[in-house]
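One chain, chain A, links the two complexes that follow: it is found with chain B in the first and with chain C in the second.
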Partner chain A sequence: MTKRSHHAEIATGKGDPQCFSNTTSAPSKFKVGDKVRIKELPDIFYTRTQVYTRGAVGEVAVVTHESPAPEDESWDNTDHSEWFYIVRFRQKDLWPEYPDCYANDTLQTEFSERWLEAVK
Partner chain B sequence: MNLRNKQNPPKDAPYPDIFDHKMFRDWMRTPHDVGGEDDVPMQFEEKQEEQWELNTYVTCECLAWRGIWNAEERRRRQNVDIGNAMYLGLPYYGRWLLAAARIMVDKQHVTLTELMNKMEEVKKRHD
Partner chain C sequence: MSDHDHSHGHRPPAPMVEEISDFEILEIAVRELAIEKGLFSADDHRRFTEFAESIGPLPAARLVARAWLDPEFKKRALEDGVKASLEVGVNWLDPTGFGTPSDYTDLRVLEDTPTVKHVVVCTLCSCYPRPILGHSPEWYRTPNYRRRVVRWPRQVLSEFGLQLPPEIDVRVEDSNQKCRFMVLPMRPAGTEGWTEDQLAEIVTRDCMIGVALPHPDRKVDDKRPVHPAVNPVHH
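Our next item is the complex of A and B:
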């Protein structure tokens, strides 16, 4: 039989992602207000980074937590943690046909650090 | 801006000379990534979960509690591994239930033969 992960045990009494606090090897690369672009990484097999965000530029709204990235955790690999960010986009920057009369609308979604690159 | 579409097969097993990188990216798009796809409104029904749906949820939580999977592995299996046709074609908790059965077989906690025999045994109880 495959070895059991006992993910539940490390999270008991703390919660997930709290159980991964202080497990990254470096401080967060981005801070609130930073402009970031979503990278066009391969999306074979599993990801939670939506296609409609690829290449889009947004602004870091919250530096949220540390956790293994979904791409690793989904195969039960929790060896490496990353910082996670909530990024805010203008809806008009995501959808070409978004109406001009709602120009202030925004959308927020979450990414692990590997998906973000700094925009000058 | 990057809007890719999920593809329906233009023909079975296309020859590689017509299968370019754009087609590859379209095909690799994960089934749960539906944002931006064309669709029509769904009929919303005010309806409580059925008993089997509640049982399925508890079964999946027990599998996590016992260290068989974590929530992200469950999501991968029920939302992505299952493929586009089943992602859209099965009831929501049907995908959970299939994923629970599948991981027990994949991680060798039961054999597919044992699972088949059990399903047949339970079915006979209701004949």
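Our next item is the complex of A and C:
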């Protein structure tokens, strides 16, 4: 039989993203409640950061887990992990026509750390 | 040998299917080649197929019902969805020991409150918490849903028959990474004194995606109407 893949070897019994726990080189840069802006980064090969979030300012809602960023993982470059964050945005800040009567509607989605920058 | 008459119901031998698509042929070819090359065995494939055919929304409905009745369980479910899944019989590591492709192993339970209604989507593809909720409905996978619910959530929800007053905030969860999400809706009125079994019966799949609310009289998701395309593709 074919040798098991590297991923099967490291994740069996743990799961994914659990297999990447404690693999980041630094603690998480952001914490719940931090205001962050989504950066615009080159994404020509692959990304999971939606265009509709680029440049938007939101608040960190959850610090989720460590994992290689999808931009790396999709090419099997799993040497480096990043912390991931669920960031919450006001819908009014994402869509120009979002009605004022629903001012508290929000949308949240997840980003790896490279996509976030602190907002004062 | 006596004459074999067919009055007792046997049909003459005939092909099982009358036509086959290119993709089905491709699947058979790739599967047989993979087995031949030793990437996996036919038994591995059978076990995986059986797993894929065994999943459904019942464990998730039980998780919701138990969370409604047991505040300590609810706390556990909100803190660690994968660990709480074990309590309703779902091991997110099954059947491979490290999870299933595209499902990963980080379930998050989104708790609706009197002022916040959650709805889940994956705009990139159609990521879905399959091990506990089963396969996603076809509409969840369509660009129609994925593109519109993030931007016009209240309009899309009202197309599902769910109109929310302005006092309730709508929170869309776009599951674009490894986390998977299910909604823990509010327990409806009219269910006082119900058992966990009774409560689980009214928590339908659509309630846990977030496009429907549980109701004491409603046990199944209605079939979605199918309309002819306005601009159909002509081959």
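Everything below uses one rule, namely that the second predicted complex is superposed on the first by the 115 of 120 C-alpha atoms of A that agree within 3 Å, B and C clash if a C-alpha of one lies under 4 Å from a C-alpha of the other, contacts with A are read in each partner's own complex, and residues count from 1 in each chain.
We adopt the following convention: a residue touches a chain if its C-beta (ideal position, glycine included) is under 8 Å from a C-beta of that chain, and two chains touch if they have at least 3 such contacts.
Keep in mind it's a predicted model, so treat the numbers as computed, not measured.
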Partner with the higher number of touched chain A residues, chain C or chain B: C
Partner chain(s) touched by A:T23 [first = chain B, second = chain C, both, neither]: neither
Touching partner for A:Q108 - first (chain B), second (chain C), both, neither: second
Touched partner set for A:W95, first chain B, second chain C, both or neither: both
Partner chain(s) touched by A:S74 [first = chain B, second = chain C, both, neither]: first
Chain B versus chain C as contact partner of A:Y52, first or second or both or neither: both
First, second, both or neither for A:F84, with chain B first and chain C second: second
Overlap of the chain B and chain C footprints on chain A, listed as residue numbers: 1-2, 7-8, 16, 50, 52, 70, 94-95
Residue numbers on chain B that touch chain A, as the complex places them: 1-4, 25, 28-30, 33, 35-36, 64-73, 75-76, 80, 106-109
Contact footprint of chain C on chain A as seen in their complex: 1-2, 7-8, 11-19, 48-50, 52, 62, 64-65, 67, 70, 84, 86, 88, 91, 94-95, 98, 101-102, 104-112
Chain A - residues contacting chain B, complex: 1-2, 4-9, 16, 40, 42-47, 50-52, 54-56, 70, 73-76, 93-96
Interface residues, chain C side, partner chain A - complex: 37-39, 41, 82, 92-93, 96-99, 104-106, 108, 123-124, 150-151, 153-154, 166, 169-179
